[in-house]
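Both of the next two complexes hold chain A, though its partner changes from chain B to chain C.
Entry: the complex of A and B
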């Protein structure tokens, strides 16, 4: 984040952006030139791209935002609703038409277009002379590239943004013009089938492709074609060339990708000169700087670079379709992504995939539950508070209690800081969360719905109980997850602790240190490493299994394609993480058992097993029980492993309650109220569990 | 019932040798006490017999079996630990029945055996109590009971009375003697208390620094100690020792006037037990320092030249602190002035 302050000019224009590198340099240069010419100071503020939208959305409505900001057009719909931007007075001219279209809504244009980008067909010029113009040609050339460890084509196949080209070529689209999505169409099914063919069946593409994997493969010269955008070319170590996406041979239509247009938006009440700067940046000198220094594909018709990358980009822009700015597109994308993953794995046919996408979209975009009357609730809360105060007052009438309070008054002062901290860090979020669970949220609208969320969750109104989206199903998976994990943790931890006590073990302290390592490494790193190891094609696990089963090559098991193996992958990772804790607790507990007792049992004739079962184990149980209860609560809520390793695949079936709550809050249409209700129910389950556990132990362990 | 034979038994921990060449033959039904100061290796020796420690050399036989390579559970020995090692989560009944449960004996048999041992040790009212609910003495009896129930070849007692108060210890010594007479089992008993050794043992093995000092009956050890260590260890108060020179039927103590009519040539160490002095007549003259009256007897600390001599005599002694008295000697012991062994 650098902020550039230019002199003590009169009205300073604050501009926010998320640029880095060459683009940032270009912006600075343009701003400098503008300042010199116009006399207006320009202050540029760089914001990390990850938090950019949310920063804008929190700062601008409060009046803490900039005068101008540079962003892509896809949030246009949301921002107009929130009143964050001013429409332009005159529709801009001199730009390529599609760029202006992207920034136009309700007949008004809301930003000055700056640049545009989309995915293209990138290829390795060292291996391919002429890029293909049809998909048949692409497939043929891709096959020629394939050999040991080399792939023909790679792209993020299950991301709807990258899938858009195929989608549009088959005549399907994410959102209908009037709003809403129709995903259950033969066109979508055909697009998914085609995508599957290229991604899996033809054998030209790597499995589970992530951006990082594709980048690495390209740099190693192991892939011929990549479908990606200008951002992909920026850091490559091999030369890379670009061409427009080919025409799909089956339909004769071009693969039309989504076009993202970057524009400079003006905030209501912006400083003088803001509109001028925006125009300066968009056309003419500003555009020239951005094109030459920033290497952007500018929308200014007059400035056409002859850099080959940008020539291809300009060509692609002619068939590209602007990304929809309706916030509902997020739901359509989520639904499509889910189905794409399933279809490419082979767990659903393309037709089933399309249908499932529609189902899922319907769930995500479901309307809010009916509003409930908050009055009874407010009365209830008021009564509770009054009742509590009354009870306190009543208690204080007793002189003995009053005397005690007075005597210990100062003691309470000592615990006040801790009490305050706890209230703020624990009580406040809890109460807020519980309050949120009484509301429902959709697309910025909050509505008080009383217990509707809880009823929806508990009664599984919108989908069958056995669906992986139902609370009961997820609860079942979570209980299975917790039980199996804890059993494994305790067995392995106990076994190792007993083993470490054996007199014939050498280098005991070395072993102890090594066995603590899984616990010591931050668990998200472990989870990511294990995820990599379970990769279907490049993972260590498949290679090792292939070796152990004497196949001579890695086995080809897609771990995340079925519930059993995905669950196992999660289980292995969490067991790796969890057994050291049990081992350490057991080691400590074993120390406290007098050696005498085991010797006495030995002299009395007991075998190792008899002595363990009747002497060691009964004395070990009281020490292990708190650890087991703790461990089971931690495992019950182990978000990291589920989220990072299986990510709930396949089809949300390996999600546990806590990761489901996360999904509802952040992946499935931002249903904060629903997710909060989920969290409250998780709390309820664990509360019941800990009470039962206390009863079991016979004293207050927790 | 069985004999226990140790041949050239050695035990080392790394380079430290804890037991050196122990040769011992314990007869069937014999009560052998291993005695010595702290750290002498007596507990280690006991644990070697039990099998809880591996011996570093030599042989160990119980009965006609060679057992030094066998696990403790195969040796048919029963051990009573110093800490009693009762299973805290089991009742007295279950503790005592443990070994038979290991052998999977039928419940009726276990019950009968436990009841018999409980009767022997007066534990019947405690059978359903837990170790944590009993006094030290009661726990000690339970530990005994647990060993008795097994009817082993050998009993091994590791300082069983050390944690009891004086009166209880005295009582239990008598009980142990009765028990031995009744059960007739071979017993190896480790203690640092020489009184226990003298009262309980058929034979005593005195150990110091891992080296056997003397093996013999209490009488032998008392009357004819093999070296200075045994002489001072056995008998309370300990034997008085003086460097002495003898020539032609007369022995003088260094630094003391007067000569004793004793045999002995050259320089040697003279030992006289407190009870072997003659008070009131003799060639030595000393001054009474402290008189400890024990009721029926008294211990007099008498200054004799550079030494303080302890004399035990029946009350009334008729002297008080400050008096000058004459001293003579009765039975004496002579030891080599360098090596300390009996001459």
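Entry: the complex of A and C
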């Protein structure tokens, strides 16, 4: 019976995707139909989109991946160099040419095209009769919307993917045809200036527009025009119409957006029938289901839809430019995004923005350090290990110590399980990870570089020490972050604990229970909520401040525009998350301090402060110290809050060391070696700190 | 005899406590509001009280099924439960003996051993995900509950050892000495006398290990390759993506994920305060 089930399993085709909603439903239907016709089982696995590409890139090279996966074409370059995908044979005439182009690299086609997507001009047909054909017309209509009490235009202004229309209309491009990027051009400056004009100067757009926020504003009827794609129209609760993006009046050229093509990719060694399923999905029946149920703009030429949305999509596809699949585009995007935010906020002029983008791009795409000879290193490591063993052996020569070890022999059995588990599952991965710091990685290429990563970081070779990218700067921020947090955690926790232990306080256990709620709710949930509460226009924090300052309306403060307030936003979130732990620890410690001591002091006429300072505190301190040291180590590495609340804004100045390491590994050109060197340095700093803390306290605390 | 507080003192204290509690609960009330309100919008006004109440979001989240129509949410809830309970059990069994040895016996290397446990807390997690993946792949534990439990349990060991050792330090050795004189072995003394006395600390560390596993999503998403083996936090991430955030579903899921932890917190509250006392005072 069991083997039967397993047998059936083996013939299955596993498909990974990140679809949600109608598209997912369409995929399920198509898979079902295919199974019935072909007899091949199809297993669909939805992967959260945030973890999707990293999951593909970890699993597939090790043979743990799916047979097929659905993704857009923009990572094609990386995946072919990694050997993650197999070329597929496409129907020569069945698909729209631009889709086939996008999936072609080095003369081969790498996926069965499914659908194409690009941004368009979306609008609310209840408010707007005829969409504009030029940006001047768009701005005029948008102002009308503002007069009627809603936002004129919303788009994810700081994302280069959405900025591409302006960029192309002004004659700029993300990557040069021969490779590399030129971002410090007058064309880029002009496009940024135009983006700033629409995003802030004209007063027609909402602040800090994320995809989720724009969707919500649209559903509430609070925005007239949106620049977004088919994914946006799918789940709208209001009617929505689409038109091609307008012509930019200043240049007379159309806003040409990027076109991304979604395809089914086949993994080497895929199960039988995988290629059949890929073809089934791409053309004919599969495409029909995706078109009807999933509302996708399918690349199958035989399927035409006269739905207005799809007609607009097809029309937009004529001017759209396929998104570059060179991995280097990620660096150009990262650099552009950073400058766009600064220009829109007005902290940089468009010219400075363009220059700074180029500067940042050069940093991200800088060449690898020169290769080093690994042999001396191998010898060095071998010597270290031998030296350590020799040292232990030397110690054990002392008969007294040997006798002690023998006498306590069985004691070691008690810590053996924990020690073994820690060595294998914590120490080993860390040492492996740390070893990576001796290598450098860029675009799929690994090179042994010895200590070059560490030297680059410590000497700030690639940028000045005062830059927010420098290790010293980030270390300073991290120390400030840890110190202020721990002080706030301890003082708030201590204050509450002192209040809550008074026997005359009513409902003590109720308060105590309610106050630990921030600790009990997972922090990735509450950090996201706090992020929302700090929004400049719609956040509760500004509303509350407006109320407290008796303005009668929310104050207008962009929390993430300058270091001080962005840092405060992180701080508030983390203080909120962290004080309950300190409160509980303090309550515990207080419980064991006999009340009579303090009361005796107070009966003798001592003030409250005196009795706290000289009776309670000295008894409390030793119990709190380990918690403080542990708490500061946790805060030092508190990745979630920084990543989810400020995300390093502005200009990665509120980044702490751990999030900075993450950025180098995952969003700044996959510099794994560099990130690992950061991690090793974090470890070093903490090690020094705990040594120093122990010495400072004058006793072994932990 | 307890000193009687003055009336202003009483009033001030209560006002302060109520204010802090409100501030602490405000963001959480928002989660509740979004969970119980219809739609997927992020609540944009000040009041954390929903204007319309519906259970739709909960129904959607709980009712998730996969393409074969089997009940996905139930499966994932079971995964989360099994993994978290197993993590507490494995984590506790690893750390109690180690903590007891470190607390009681002065064997050579003891200091270094304790230092080593603290030091592992300083390893930045960022670099460890990929080596862990390779390691579990090597042992064939990828995509298995066992692999995840082992990883979580070891992650929770240092904190558990630290807490338990602190607590063991506060238990008078005299009891154990008496038992030894009566002929009890070390193992018997440990299991029959010390562990029952250490119940508060066991409760706290058990809860901590449980939470480590219950709330974690980065490793779970990396190490598990299948919707049927995902844990609830991974599923929650599904509702928050680049294009759109389904706040209603996310909040409903968040409430469901937080409830068991909250219940455990309240059930174990009594032990909490005592269990976290890290020695030094009583000793």
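Note that in this section the second predicted complex is superposed on the first by the 510 of 702 C-alpha atoms of A that agree within 3 Å, B and C clash if a C-alpha of one lies under 4 Å from a C-alpha of the other, contacts with A are read in each partner's own complex, and residues count from 1 in each chain.
Keep this in mind: a residue touches a chain if its C-beta (ideal position, glycine included) is under 8 Å from a C-beta of that chain, and two chains touch if they have at least 3 such contacts.
Model, not experiment: these values are computed from the prediction.
Look at A:412: by the touch rule set out above, it reaches chain C but stays clear of chain B. Shared-chain residue A:688: touches no atom of chain B or chain C. In the overlay built on the shared chain, the residue A:459 is in contact with neither chain B nor chain C. Partner contacting the larger number of chain A residues, of chain B and chain C: C. In the superposition on chain A, contact is made by A:46 with chain C only, not with chain B. When the two structures are aligned on the shared chain, A:610 is found in touch with chain B, with no touch to chain C.
Touch criterion met: A:599 reaches chain B and chain C at once.
When the shared chain is aligned, chain B and chain C each come close enough to touch A:619. Applying the stated touch rule to the two superposed structures, the overlap between the chain B and chain C interfaces on chain A comprises residues 599, 602-603, 619. Residues 594, 596-597, 599-607, 610, 614-615, 618-619 of chain A are the ones that touch chain B when the two sit in their complex.
Listing the residues of chain B that touch chain A in their complex gives 50-52, 71-73, 77-79, 81, 83, 85, 87-89, 98-99, 101-103, 146, 150.
Looking at the complex, you find that chain C touches chain A at residues 1-3, 5, 10, 13-14, 16-17, 20-21, 23-28, 30-31, 39-42, 44-46, 66-67, 93-95, 97-98, 100-102, 105-108, 111, 113-128, 130-135, 137, 142-143, 150-151, 153-155, 157-159, 161-162, 166, 186, 214-215, 217-218, 221-222, 225-227, 233-234, 236-238, 240-245, 247, 250, 254, 257-258, 261-262, 265-266, 269, 272-282.
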